[in-house]
Amino acid sequence: MRLLETEKLTKTFGGLTAVSQVDMHVDSGEILGLIGPNGAGKTTFFNLISGLYQPTAGEIIFQNQRVHGFKGYQMAEAGIARTFQNIRLLSSLSVLENVLLGSYTRGKAGLWGAILKGKRVRDEEKRVRQESMEQLELVGLQDYAHQPAGVLSYGQQRKLEIARALAIYPALLLLDEPTAGMNAEEVEEIMSLVRYLKSHNKTIVLIEHNMHLVMNLCERLIVFDHGEKVASGSPQEIQTNPLVIEAYLGKEGDDE
Amino acid sequence: MSKQIAVKGLEVSYGSVEAVKGIDLDVENGEIVTLIGANGAGKTSTLQAILGLERVKAGRVEYLGETITNQPTHRLVRRGLALVPEGRHVFPRLSVNDNLSLGAYTRSISKAELQRLKEKVFLLFPRLLERKQQMAGTLSGGEQQMLAIGRAMMLSPKVLLLDEPSMGLAPIVVKSIFQTLKRINEEEKLTILLVEQNAKMALGLAGRGYVMENGKIVLQGSTDILAHDPGVMKAYLGL
Amino acid sequence: MFWQQILNGLTLGSAYILIALGLTMVYGILNLLHFAHGTVYMVGAFSSMVAIIYLKLPFPLAFLLAMVLAGLVGILIERIAYRPLRNAHPINILISGIGITIILENLFRLFFGAQTRPFPNVNLSSKTYGLGNGLSITNFQIYILVTAVVLVGLLQILIKRTKVGTALVATSQDMKAAKLMGIDINRMVALTFFLGSALAAAAGTLVALYFNAIYPTMGSMPGLKAFSVVVLGGLGSIPGTIIGGLFLGVIESLGAGYVQTVIDANAIAFVILILVLLIKPTGLFGKKIEKV
Amino acid sequence: MDSILNPYYLGIVVIVGIYVILALGLNIVTGFAGQVSLGHAAFYAIGAYTSAILSLQGHLIFWLALPAAAIVTWCTGIVLGLPSLRVKEDFLAIVTLGLGLIFQSLANNLKITGGALGLGSIPQPELFGEPMSNFSFAVMTWLFVALAAFVAWRALNSRVGRAWLAIREDELVADALGVNTTRLKVLAFALGALYAGVAGSLFAHYTTFISADSFGFNESATILSMIVLGGLGSIPGAVTGAILLALAPEVLRPLADYRMLIYGLLLVILMRYRPQGLFGRSKAIRDRYAKKWLKKGGPKHEAAGNRKTH
């Protein structure tokens, strides 16, 4: 089933075209990888489908609904969650509070409700706390729940960001370079987390430079270059696509 | 061979967090030395501390046999110590040409000499010549990295420090940049200290290397040996 | 009448430009809102007065001395109130600037009293020249216009044509990279404060002469209005500031006659500012900032 | 006992209480939601004038005028917040500064506010048919203080409060997590305005005379200084900061002419040596701003994963 589709999606900044006429789709339950050199428009593309940027032209269709012009919070409400390439945790808040924020869309309490704090608000607070702890357990950070997020190691911070995104209970999870700057062991942990999420029918799109991970994890790849989609296909097809090799991977052989 | 840079017992910290916990490191004349390790290991802090961009809490930094600990950056630059920073830091709203001129800011040289230096950079990176009048902010990541290196070369430095030149670049661009670094080292006999996360590329280029973890140096030696160390292979080469 | 108001507005706008350029430059290089800038304008006016009365200097020399003195005061303010706070919350910096304003205003009040003094006699009497069609201009207005053009021109030459100007631009674009070029950042910051403060002092002296009034809190309203000029121009853009200043001067001058019954001339600046920001939240010349 | 019930001291107690309410309100806007406002005194003025005009011309009793003032400031907060909060950070600081000056100017020129003369003979509140004593007024003021602190605390520790903190720390992330940032910022602005409205009403009916001079930029700057001194975002901090700075002019009164000079010096010294305020969580907030600085390439650290993206 089609979960997300873009038609001729385009974003320009001033005279610069960062994303140009991209047609793509994501099916429910798949893991899709976006690769390509830096500045190719991958992160801009993420920003478009998570509503942080508004497209200059083109369409985004999510769950058969046109979501054109949706803001970030509306995309989140619709069920698209994301992490950031440069880790954006709220470092002075606790680990748990960060995840609680992720569950914002699944609460109802308003200002006056919070001040009066009736039974419904108390119950809701209890429920989201419990669910947030579950997300923390999933990524193995439950013991740090009450520490400030800033004290976590780099790898732990990435996991916390994923837990926070999962707390939205998203239909589509966008991971922007989830293993950047991690050592081999941490990369393995992220890979098994992604596999676990897949086995629970999550749909994931990820941007990644780690070819080992991309080739092993993704069912389908899309290659970006200069804002355009230059190729797509299975990892095997991409690895042998001459265009991709020339633009991005370099010739086999001089790699060793 | 003489020591260009010697670091002894270097410590750097941010508030209560110790980023560098007492390391020794030296770079001899004409060699390429690499400092590898994962993100947050303290590599960038080490480089920045050498160049006075971070405060050295304890220990000593020597340059050409003279102690330079905690000297202001601009003075060290004047003495021929150039750093190509992480994230490139080109001046985005200045042209490629102006960026290069600024590289020679501290040097009192004639216009002709300035021009000669620029031409040398254009020989190393012909792409920059094509984009001479373009604003640096509009260059691609790879071109910006070339500009950052070229700009540092305008100083005619005695030692070139590079912080993650491969970051965020396509493998094919990284290869080309590393080849140029090799050329610079061979042709100009320029001493290079290279900080990298991309251990594979770094170990391929450098003659000697240091492996950093959690603010400490855990391994050092010739890159041939490091590349075959089981620990390094597993942790950094993904083998 | 209309053209007369335009002319008056351009004069007023020139004074705004001279004050606001300092704020723009400081914002450009340090990203901070320099709240004590208005008092530097006051310091400039008082310095001219002291130089004329006590040092018996002729007006042009007193004018230059005031610019230098105010420039030094600007450097001192940066050292004391801003530099120690470079990594602090912007609100801390703002309050530190407000503190400096309170200190300087009260120091001058203690020395010179709170009352309004006339500008000392400099053998310059006000002359009015008719330009035809009922349009007229005073010699003081001419001084303000000419000084503004000359000073802004010199500043442009310094920034565009000299090596130190390029270094200044580089520092405002990327401070870390500027250091790596061997540029002494602290000197660039000091230079920025010096230039900006000297321009403010020039404005302070000329406006004091024009209105024949000097008092310790004279800088507070022009200082606040200069912020609206800077924001109108798009925070940190020098050409934007110049156009913003002229725009505000003219509108204020035209508007004063019509809305005076509801709102002071001083508040018009902010009504315009808010209207402009409603249409374009980054000011007239602001670059659209999209950051992720 | 005699000296404590002395009207002079009771007056100080009331005024300090009013400042605490003002500071608690601004703390919601600036401390919780991170929106710097340099025009808080505008809402203080709106509250005071609304309450005064309703009593003088509408003959409303204080107990109705105060809630009316609160509702009016809440609504004005929404009306002014919606457009102003579209602009960010430094722009917002200047816009709110402008709002403050515009309102002061209106108060100075409109007929209904008494123009430059101000409004006098504002009726004092009555309790059980008797005019309220200074002592009961002081007690009532501090009951409002307690209520204001309690409401702020409940709001902070809730779904809404967490959303505010998220906006303060990283607005873009808040957006990506499903927080309607515009709505939440306006909500904070309106609640802060409501606090100022209550404070304004209390002020008008206590002093019985108000004029535009009481609601200028200096007033806004003082309130902001109070919450920064206490530690942005901290409720005990806002209370302590307001008490200290509201008392400072009284304590420094013997120094006469040097009073304001010393006040200015205090501000500069405090910002230098205790920038996080008395109750501030120093590190975290400073780190965040260090990052902002870092984007410009200033000194400071490697901050794990501080990669530039676009």
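Assorted remarks:
By written order: A, B, C and D. Residues from 1 in each chain.
Note that contacts are C-beta pairs under 8 Å (C-beta built on N, C-alpha and C of every residue); 3 or more make two chains touch, one makes a residue touch a chain.
Small disclaimer: the values here were computed from a predicted structure and weren't measured.
Counting C-beta pairs in contact, the chain pair with the highest total is C-D.
Of all the chains, the one whose CA centre sits at the greatest distance from that of subunit C is A. Inter-chain centre distance (subunit B to subunit D, centres taken as mean C-alpha positions): 50 Å.
Rounded to whole angstrom, the centroid-to-centroid distance between subunit A and subunit D, based on C-alpha atoms, equals 39 Å. One finds 42 Å separating the Cα centroids of subunit B and subunit C. The multi-chain contact residues of subunit B, meaning those touching 2 or more other chains, are 39-40, 53, 89, 168. Along subunit C, residues 174, 176-178, 292 each make contact with two or more other chains.
For subunit D, the set of residues that touch two or more other chains comprises 172, 283, 285, 297, 299, 304-305, 307-310. The touching residues of subunit A, when paired with subunit D in their complex, are 18, 39, 43-44, 50-52, 71-73, 75-77, 81-82, 84-88, 90-93, 97, 100-102, 104-105, 107, 109-111, 113-115, 117, 121, 124-125, 128, 148, 150, 154, 157, 164, 168, 180-181. Interface of subunit B with subunit C (complex): residues 51, 53, 72-74, 77-78, 82-83, 85, 89-94, 98, 101-103, 105-106, 151-152, 155.
In the complex of the two chains, the subunit D residues touching subunit C come out as 30, 36, 83-84, 86-91, 93-95, 97-99, 101-102, 104-106, 108-110, 172, 217, 221, 224-225, 228, 232, 257-258, 260-261, 263-268, 271-272, 275, 285-286, 289-290, 293, 296-300, 309-310.
Residues of subunit B touching subunit A in their complex: 38-40, 138, 140-142, 168-173, 175, 197, 234-236, 238. For subunit D in complex with subunit A, the touching residues are 151, 154-155, 157-163, 165-166, 169-170, 172-181, 187, 191, 281, 283-285, 287-288, 304-310.
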